[in-house]
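Next, two complexes with chain A in common: one pairs it with chain B, the other with chain C.
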Partner chain A sequence: MFCLSELEDTVRVPPDLLKLPLEVAIKKVLQKLFLDKVLSIGLCVSIYDIKSAEGGFVLPGDGAPTYKVVFIIVVFRPFVGEVIAARFKESDSNGLRLTLGFFEDIYVPAPLIPRPNRCEPDPCNRNQMRWVWIFEEQEYIIDDSYQINFRVENISYPPVPTERAEDGAIDDDGLGPVSWWEGCSERNNEDDDT
Partner chain B sequence: MKNIIVKANAGTLTNFEVLDLLNSRGASNDTTTRVIAPVSTSEYKVYDYLMETPACTQTLEILTNFSDQCKDFKLAKAEILNIINIRPSFTVELAPILEEPIERGIDNKAIEGILKLVEALLPPLPTVEACGENEEEETEEGEQS
Partner chain C sequence: MSGEEEENAVELKIGDEFLKAKCLMNCEVSLIFEHKYEHLQQVSEDPMNQVSQVFEKSLQYVKRFSRYKNPDVVQQVREYPLSFFSFVRVYMPYDFDRILSRHQLTEFELCVLCNLCPKTAEEAVAMVPSLKTKGRAHSDEVIEKMLNDLSLVKRFE
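So, the complex of A and B:
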């Protein structure tokens, strides 16, 4: 889910931060620039380390020094095929939307919800639709009572690089709300015996 | 603003390693420490998410021990990472993690072996009630002190 990436950038340190040790000041500026932003390599979660900072030249007409910094950040970048535990956020007729707290653009499109299923207007929320999975004549509602395991199918970056959406699948064994599977191992063992 | 990405992937991290990093910076569940610690709000969102995953019960020794013993099963690195992050307890939870198990010769016996290893080496997620009790204990201590 997470990995480290090494970046190099020119960083301008505003004069009001110069009373702090250099490393702390540069880290503050980097955090403001990168934290919680989506880059082409993923969502930046944290500044891991500063490898080197050189320069410190003050350009004419500017009161702030500029450093060339090489640093390492922690990015959230899942790979296709990864299984992630998420929580239900909302659902509509197109599918579900799941959230991880720090990342909320996980969509499960309708074709990837286990079939047979049906979609009905949610009795609790007027604007939302509720998805129900029908298996062996038992109905399982997809809602926010338990965490949902999903597998990453596709990662897309929209043209304006502020959000990033992921498509997930929950129509395979072991995916979907965890409560569906918790009692299941006994059933599986019985099937093997017969 | 032009960024020059030197290395897009300088190493993969398990959930535990990210949690450990945030812990070492001073992140915690205690509300008073949250304001003082040098951890930003968005980093706290990641911390809160990770504290609900099996990563909150793992240590570095557990993970190195587990990945050493996984070598017998010839699993891909990504699959070991997935198993560490999700901690499957049932066959049905392990199934979406393994890619083409039959073609690779991973039969039911091997799957059971992997699950036994997970059960033995990776600590389970504390149940929600246990977590709730822990929070109550902390607040009680806070009031007493």
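So, the complex of A and C:
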């Protein structure tokens, strides 16, 4: 789910931004550093607010001032065991792939798809396999017609190169997907009840 | 959260900092982002340039999976200050606080319930198994009362 998270970091404001109001300049630098990055606390989707900015000292040999900034960001942070609403993206014989729009690396491996089920070639898309859930003699095709609720089983972070030399309150500065495997607690309930 | 305890929201093991931290419901994120977008439109000649893809797609997601959908909420939000240090629930804060304490819910559980909108006690427990644990052992009747309370929460006037 989405969370507000307070962070502290040392921010260098490059000279070309100094003509802007300080808060705007700092926000721009923070956006560049954090937006769409995976941190240990989650995927940063927005800089919410700047609580304080202190300092502004220019270090010797540098043309730019450095500030100690306390700020709040909005992160998306999945929890193991949390149920999240998503949409279908694609499927193959290994399982399903789901998407949230801003995040697309959600995988449901075949063993976690509700049973009984079967996998067959997709008549509308030759390259894809589709999954069909059989429940009380009714067949439900798993596709993008409905919202799919899934439970987070596992979160994996790819190895992350640490570009930044500073240690702030932030552990990781990562790019790249976080992939989750879920038990698909299948709930196709967009318009009707199942 | 200690290293030995594995995270598991099913049993509400999600780290103390998140049990008390500001979990946001999708509808609240929707308000924040709409507000931000409105503000950008006012100050910039080209707001689309300012808005990143992840922001836009997140906004799309939260608008879609929001419990409380109020078409005129953006109008209300414009009157709110852009920057407020401690997050204020724009939906009747009294209602949520009352629901939280009456049913002994954590913020996390409340947010999951509001994001997924279960219609019955059975659905609610499937989505938030911890409702039946953690020493509360809510009966189905109590859970249904809670779901009813949630459906009655009104937008902050």
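Keep this in mind: the second predicted complex is superposed on the first by the 160 of 194 C-alpha atoms of A that agree within 3 Å, B and C clash if a C-alpha of one lies under 4 Å from a C-alpha of the other, contacts with A are read in each partner's own complex, and residues count from 1 in each chain.
Throughout what follows, a contact is a pair of C-beta atoms (placed from the backbone, for glycine too) under 8 Å apart; a residue touches a chain by one contact, two chains touch by 3 or more.
All values derive from a computational prediction rather than experimental measurement.
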Query raised in the report: When the two structures are overlaid on chain A, which partner does A:Asn117 contact: first (chain B), second (chain C), both, or neither?
Result: neither
Query raised in the report: Regarding the shared-chain residue A:Leu100, is it in contact with chain B (first), chain C (second), both, or neither?
Result: both
**Report entry** First, second, both or neither for A:Leu39, with chain B first and chain C second
**Finding:** first
Requested in this report: Report for A:Val80: first if it touches chain B alone, second if chain C alone, otherwise both or neither.
Outcome: second
Requested in this report: In the overlay, answer first, second, both or neither for which of chain B and chain C A:Glu8 touches.
Outcome: first
Query raised in the report: Is A:Thr66 touching the first partner chain B, the second partner chain C, both, or neither of them?
Result: neither
Report task. Could you tell me which stretches of chain A are touched by chain B in one complex and by chain C in the other? Result -> 1-5, 31, 35-36, 45-46, 48, 74, 76, 79, 81-85, 100-102, 147, 149, 151, 185
**Report entry** chain C residues touching chain A - in the complex, by the definition given at the top
**Finding:** 6-11, 14, 18, 21-26, 28-29, 32-33, 36, 52-55, 57-58, 60-62, 65, 83-85, 87, 108, 111-112, 115-116, 119, 123, 126-129
Report summary line: In the complex, chain A touches chain B at residues 1-9, 31, 33, 35-36, 39-41, 45-46, 48, 70, 72, 74, 76, 79, 81-85, 100-102, 147, 149, 151, 172-175, 181-182, 184-185, 188, 192
Requested in this report: Note which residues of chain A are touching chain C in the complex, please.
Outcome: 1-5, 31, 35-36, 43, 45-46, 48-49, 51, 74, 76-77, 79-85, 100-102, 147, 149, 151-152, 185, 187, 193
Query raised in the report: Quick one: in the complex, what on chain B touches chain A?
Result: 1-15, 17-18, 21-22, 40, 42-43, 45-46, 48-49, 52-53, 78, 81-82, 85-86, 88-97, 99, 108
